[in-house]
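There are two complexes below, and they share chain A, which is joined by chain B in the first and by chain C in the second.
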Partner chain A sequence: MGSIAEMTLPRGGGRKLSLQVNRLVNYIRNPQNLISVISIILLLYLVALPLWEILSSTFQLQFRDAAKTGLPEGSLTLRYWSATFASSISKAMFYKPLMNSLLISLTVSVLGITIGGVLAWLVSRTDLPMKKFFSFILVVAYMVPSWCKALAWEVIFKNNRIGGYPGMFQAVFGISPPNWISYGFFPIVVTLSLHYFVFSFLLISSALASIGGDLEEMAEITGAKRGLILRKITFPLVIPAIPPSFILTFSKAIGSFGVPAFLGMKVNYYTLSTMIYANIRNRMTTQAFTLGIVLILVASFTVYLNQKAIGKRKSFTTIGGKSTRKNFIKLKKLKPVITLLVMAFVVFGVVLPLAVLVLQSVMLQPGVYSLDNLTLHFWIGEGNGAIADGEAGIFHNPRIWKALFNTLRLVTLVSLIATVAGVLLGYIISRGRKKLSGRFIEQISFTPMLIPSIAMSTIYLSMFSKPQLFIPVLYGTFALLVLISIVKYLPFAVRSGTSSMMQINTELEEAARIEGTPWVKSFVRLILPLAKGGVFSAFLLIFISGMKELALIMLLVTPETSTLTSLTYSYTESGYEQFSNAITTLIIFIIITVNFIARRVSKADISKGIGG
Partner chain B sequence: MMKSKVLAVCLLGASVLLAFSGCSKKAEPSGPAAAEKELSWEDQVGLKDNLSAEELYGKAKEEKTVTVYSMSSRLNDVKETFEAQYPGVEVVVYDMRNSEILEKYQREHEAGIRTADLLFIKDSDGAVYNEFVKTGLLREFIPADMMKTAPADYQKGGYAPYFEMKQIFYNTEVYDSCPMDSWWDLTRPEYKGKIILRSPIENSEIMGLFLTMVKNGEDMAASYKKEFGKDIVLDGTENAGYEFLKRLSANDLIVMTSDTDIVEAVGAPGQKNPPFGIATSSKMRNAAKGLMINVAEYLSPRLGILDPAYIYVADGAEHVNAAKLFIRWMGGEADGSGPGFKPFHVRGSWPSRADVKPVETQELSTMNLWSVDMVYNYQHLDDLRNFWMTLQ
Partner chain C sequence: MSRIELSKVNKYYDREHILKDVDLVIEQGDFMTLLGPSGCGKTTTLRVISGLENPQSGLVTIDGVAVADPDKGKFAPPSKRNLNLVFQSYALWPHMTVFENVAFGLTVKKEAKSEIREKVAGALEKMQIGEYAERYPSELSGGQQQRVAIARAIVSQPKILLLDEPLSNLDAKLRVDMRAELKRLHKDLNTTIIYVTHDQVEALTLSSKIAVYFEGVLTQCNTPEEIYNNPSTLRVAEFIGNPKINFLKGSLKSLSGDKLGVECDFGALEFGGVKGRDGGVARLFEREGAGCGVTLAIRPEDILVSQKEMEGFFSCPVTSLLPAGSETLLELALGDNQLMAKEIGQRRYEVGQTVWIGLKQNRMNVYESAQGKLVLRAIED
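Let's look at the complex of A and B:
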């Protein structure tokens, strides 16, 4: 950064100018510096500027209100903030949703880390049977979009309150579930926890794997009790994995949209994210921005507190490396019970939602559980006026084909570009840890993680609906979807890029440089091949996240650029759940297939991408 | 040390941003001047000229295409018949929600993007009329010959080929006739947690209905007395209209986002204690799909308000003649019998032209309706929205 200050603030008079220019040219000639400069500008432009844009717009009188108040458009005003914080609607629009959001995210984080931690310990440290199967199926839980679990929940636990066809539970047992089970806090927390525990599971597993079992083994040999070992060795070793788990879970949960939308809005239970959405839908965009800013602040503050409380995230270096011989803790008598419990968890958390989804997609009338109600119309039916206002089944439906094409194009482009950017930025960061530019890039590329998806899309919606510097109006274009997704997934890509780069010793590069190899060549020929594993994993993780992304693109898609997920949401909203279910099944099928192929071909592993 | 460096970076970043945002401000055109300049656009393209379908078709063929942002998916059916009738003119339909259409159109117009030629929207709360039509963002075009027989209110202003209404739906399997004869019935304890509607915050038609009730507070007070036999006591509200909304909201409402879902919840067969729903009248056509539904045909003090479906021409539209041709087609052309109107000629919707009769639906003349005051509605929109949110 010091060098940037030099560039922008020339010190001397004209005499020194040529010297300055020379220095600048030299600075830029170095590809590393060039990339630093370009990426700082881009990141400022794509991350910092948008934040500034919405912040400033909340203090400016908007067109709609200008006409009513008689003041000129754009004049300084506090009305949007006072409406949010201190007005008759603050409670309904801000305080209640905020409390709900916080409660949900905290509960989900605690539950997620507990479930994930216990499962991780069981799978990596004990003699639990069928480990391979469990670790595979538990990660599949993450591949099933979270809102799909919400849909499944609704199908099963829908109650009398909202009339219509009965839920599955009611159809089978004849009892209508109470409201708190069907809608609101409880089901939202359960479905989100069943989804986000995967973060903790993967991070804690990898923490456990990286330290091997020999420490515990030694303790056991010296006669320590199992409880003592857990308390004194296993927990402390796992602790560094908890802050990142918490950050990931909390920031994902507080920004999640689909689950609270499906399970909360019907009983007037709003979170900040659904309230933002509602405000935007009602054309109260500036009001939505104020909520978005609060959401970002809350997410950042929690991360900050969390870092404060647990200290800087550090990784343990355990001397001796991985142990080759694993000595598993015996579960003894509890083994069958625990195995059954884990199995039950898998069935309820992963298998059942999927089964419900597939079943729903072949039912003519939702909620009518008889054989003659089964149909393949929603899959292969031709358009027919009698069903769903003439929408054709998904294999005959041009809208869905287009959305499928859009989705694949989007996720492929995004995962490619983001991964490459992640590798480049990771390189800069790992080699420039001591420089301010490196740290700055690390910080700012991590920022999108703190911006909840729905808030981020409100920002981009506003920012790119007018020409920006050299960028034309991107509103309604496919490019905007690509852009926002790249920025949003950058933290994943950069993290994985950085950790791959950290593992590559600089001595290799130095050797290449002494040999006279140009930087670009040594990067492509030397560093990339070494970082291959991490790169593939990041690619895969972004691909999967992109396939099921809803909140991020919800506000930005148009009928032309609609994706599979946005179609799912609009079908659900207009009451054609079967189409949503069929499309969701298709999404999950694609995700699992891609994951399978990627693992076969490249040994890529999304758990590595998450940060393990 | 590190902190001060971070601060320096932030400051530098902030100054860069300030510089950027300074640049972006200049690009925006000033409102009134732009509107003045564009007013002449109408004359330039001859928007108000009443041409026959043949003349329009001749010109439309050169324009080749027309793009509609529509709140109804039924425009896809209109597209099919139109393209069959007028080969060489392609129709592009974007099916979106009302508020999405407005948001998208406004942003595009501001950015100089001229994708839309026509907007097919509802406007019961007056936002479209006051923010878009009055400011010249949307243009009115009425095929005068087709609207000769329409109610006088609809012979000028925006063109509405048909009306719908928000009505109370009930389950016909359980109830032989509608057990409600007054809006106040919705506040009775026996229907607590049994009433489904869309949120007025999100749905302009419900909002329009509520605004009209607030405006006609005396009607609501009189109706209360008729229903309960005593004068209404206001509980901190301005009038009986607001009081009605307060009590309605306190009756544990269920809010849904789609009228399709609402009528299904009301009319799904096999229920013992089905809910009631306030939904768009044209959802009566879903009765053909096995739903046991009907609507209240009489309500005190009045049945409700008409929700016209307006079709406006976009300001600066590039395919004006094709747009006008499409408007004529949607309205059923000269005698109202054209296939373009078929998709709207269904149960629960009323043609605005009196020479086309509604299908299996109460005649407009037998319905006791409020008239809608778009100016009043728009002026009180924020108040009512805030009032409603305070109740939640």
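Let's look at the complex of A and C:
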């Protein structure tokens, strides 16, 4: 690089300028810096700008309202915020949904951590039988989309008061379940807890695994009883795993859309996320934005609180000992009871919802539980005017084939691009922890984590419905789905990328650099192969999450770009639940197959990625 | 009194046979070291004594009382054995202060607060870490953590103190300091200490007795001097001592009266006083006759080196020179054998130069090559 500077050195004033130009050229020529610059620009554009856009738009008079008030479009106004916080509709539109959201998320977090913690302890510390099976099936629970559990709940506990056919429970027992069981807070909390306990299960399991058995053995030698050891040693040591479990569960629960949509909207039980959706449906977009901002603030506040909550002094990484524990705590007399309970949990939480979905997809008339009502029409039937307005079974239905194609194309592209971006950004972050650019990239790439899916899609909806800088109108295009999904999964990808990169010693690269290997080559030939395992796990996790994604893309799809999940939702809305159930079964089948193949082909383990 | 006795103890992990018919007696006040390469069963023996593991067969008694009796299905829990343990990892509870760590066992026993304070202070004082009482383990150095772990183990004044490779995580200098400290502790406390290590120097320095393990079999259990001077097998001989013992291949030639003749590729050797040092060589000679393969073992410091030719010495070239300040190590080629000789102080030799060496026949152990068993013991020179 020095030679360029020497060759072009002019005299006098120009000298200073050219020195700076040369510095800039040198800076850009370093591939690491180049990637930093490009990624900062992209992240600002895709994460920070949308946030700014949505915020500023809530203070500007929109076109629709300009005519009413006689003021010019875009003039400064507080009407949208005052409508949200202090107006006649505030209670129904904001305060109640907010309370519902908070209450649901808190309850789900508490339940999820309790269930996950107890299961984690049982699996890693006691002589519970069939542990491998249980750990496997519990993680499968996470692969089943949460809204699919809501669908199953509805099928079973639906009552005939809301309208439509009665649920399975009523058909079998002849008792109509009360409304609070069928819809609203209770079923939403139960289904979400049955879904999100997996976070706590995995995080607490790994915390338990990292506590050397010797810490507990030591206490045993002093004569402490089981209960005391659990209370004084094991539990306090697991505590550091609880805040991250809480953040994950709370932020996921508060942003969840499918479950409260299926189980709440029919009885006008709204959460912030379903209210955002309802507002957009009613063309009150700016109002929806204000709710979206509140949702983001709540999510950010939880993260902040959690960081505060973990005291500096007592925060510890467990001093690793060799985990000699081969002695599991004996459950003795309680063993059959506990095994049965765990089994029941698995059956009700995982097996039953799946079974119900499959069953429902082969019933001609919903709610009629007799053998002659069974049909494969919704799977393989040709279009028939007598059934479901002539919609053909999913294997003959071009709409569904198209959606399947769209879905696979979308998730493959997204997981590929996001994983690559995650690796590159992870590299920059891990090597640049001490630099401002590294820390900045880390912060900003984590931000989408705080933006609930539904809020994010409202932002992208408005931002890309008009041309932006060098990007044309993207609304209604497939590209928009790809873009938003990449940004949404970036935090996952970057975090996994960073931790893979952290494990690779810089000396490995330096050894290559001394021999004159160009950066790109050492990255491709050294870094990537070493990070392979982590990268593949991240890919798989994003693939599976993408297969399940509903809230993020629901507002953005058009009939042309619809995916399997969005079709499920629209079929449910129009009352053809058998189709939704059949499609959901298909989605779950794909997820489990992909996961199975991935586990066979490589050592990739999605359970390692979910928690992190 | 606290006499520990293991007889015919067997321990399996799944199908893996970890301890094979282990017989071991540890007397009151012993500093017993369990020594062996990793995976040999020494830690498992410790855990069986502590009660953290239960053997599948055999009997463990402390003071004549059975604490592990698999035949009767009777196992005393660790806390009822009046012992305490220091783990290799220290196993300090990271969420408790040093004080809380040390006090935990006493609070479990519900002792009075004032008494606890006094005892903890005493234990911390003994380990010279009184000033760190309010710190958390993560705020201490490795050596300090080590002391806390020991303080926690001795605060309840156990009759038996078990130490599982306690020094292996310390740096070299601290390790030497802690050795002296442990020796002092043993004297002060007057307890039985059972100490697990793979470091033979540690074992030789500290112990009153050493039990050497290989692959789950207790091969030799004796005083450090005996283990160093008369290792019972070739394997023990090779494991103990640094620099390593030298082996010379040979074959029995003659046995007449008190004299044993051995033929080596560099010449013949004669051993005297066979009756006094016989470990079965007479029987071996009777059985196998002349020509039976034996291995002679001699410590580097028992080889005499001379610059001039001497009577009964063998000539050999110096192949390498390893001066180490206080001593000088010489590598020699004697016939087909590579030998290491050790001389105290700094000596001048040239690589390639020929020297004459004398092998102190009294200081040599003779092993039967096939079984690796000691057949002729070394004695005082």
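To be clear about the criterion, the second predicted complex is superposed on the first by the 569 of 612 C-alpha atoms of A that agree within 3 Å, B and C clash if a C-alpha of one lies under 4 Å from a C-alpha of the other, contacts with A are read in each partner's own complex, and residues count from 1 in each chain.
The working rule: contacts are C-beta pairs under 8 Å (C-beta built on N, C-alpha and C of every residue); 3 or more make two chains touch, one makes a residue touch a chain.
Just so it is clear, the model here is predicted, and its values are computed rather than measured.
K.L.:
For A:V172, decide between first (touching chain B), second (touching chain C), both and neither.
P.N.:
A:V172 contacts neither chain B nor chain C.
K.L.:
Based on the superposed arrangement, let me know which partner A:F440 touches: chain B (first), chain C (second), both, or neither?
P.N.:
first
K.L.:
What's your read, chain B or chain C touching more residues of chain A?
P.N.:
B
K.L.:
Which of the two partners, first being chain B and second being chain C, lies in contact with A:Q468: first, second, both, or neither?
P.N.:
First partner only.
K.L.:
Should A:S87 be classified as contacting the first partner (chain B), the second (chain C), both, or neither?
P.N.:
first
K.L.:
Counting only touches as set out at the top, which of chain B and chain C does A:T558 meet: first, second, both, neither?
P.N.:
first
K.L.:
Now for A:K232: first (chain B), second (chain C), both, or neither, which partner does it touch?
P.N.:
Touch partner of A:K232: chain C, not chain B.
K.L.:
With both complexes superposed on chain A, which partner does A:E220 reach: first (chain B), second (chain C), both or neither?
P.N.:
A:E220: touches chain C, not chain B.
K.L.:
What does chain A use to touch chain B in their complex?
P.N.:
Spelled out, the residues of chain A in touch with chain B are 1, 4-5, 44-45, 48-49, 52-53, 56, 63-64, 67-68, 73, 87-89, 91-93, 160-165, 265-268, 278, 280-283, 285, 365, 367, 386, 389, 436, 440, 465-469, 473, 475-476, 558-560, 573-576.
K.L.:
If you look only at chain B, which of its residues touch chain A in the complex?
P.N.:
5, 8-9, 12-14, 16-17, 20-21, 23-24, 27-28, 31, 73, 94-97, 99-100, 102-104, 107-108, 110-113, 115, 127, 130-131, 193, 196, 199, 201-202, 253-258, 260-261, 264-266, 268, 271, 273-275, 288-290, 382, 385-387, 389-392
K.L.:
Which of the residues in chain C end up touching chain A in this complex?
P.N.:
By the definition above, chain C touches chain A via 13, 43, 47, 50, 52-53, 77-80, 83-85, 87-95, 104-105, 108-109, 136-138, 145, 152, 156.
K.L.:
Spell out the part of chain A that touches chain C in their complex, as residue ranges.
P.N.:
Going by the criterion above, the answer is residues 212, 214-215, 217-224, 228, 232-233, 236-237, 239, 313-314, 316, 318-322, 324, 326-327.
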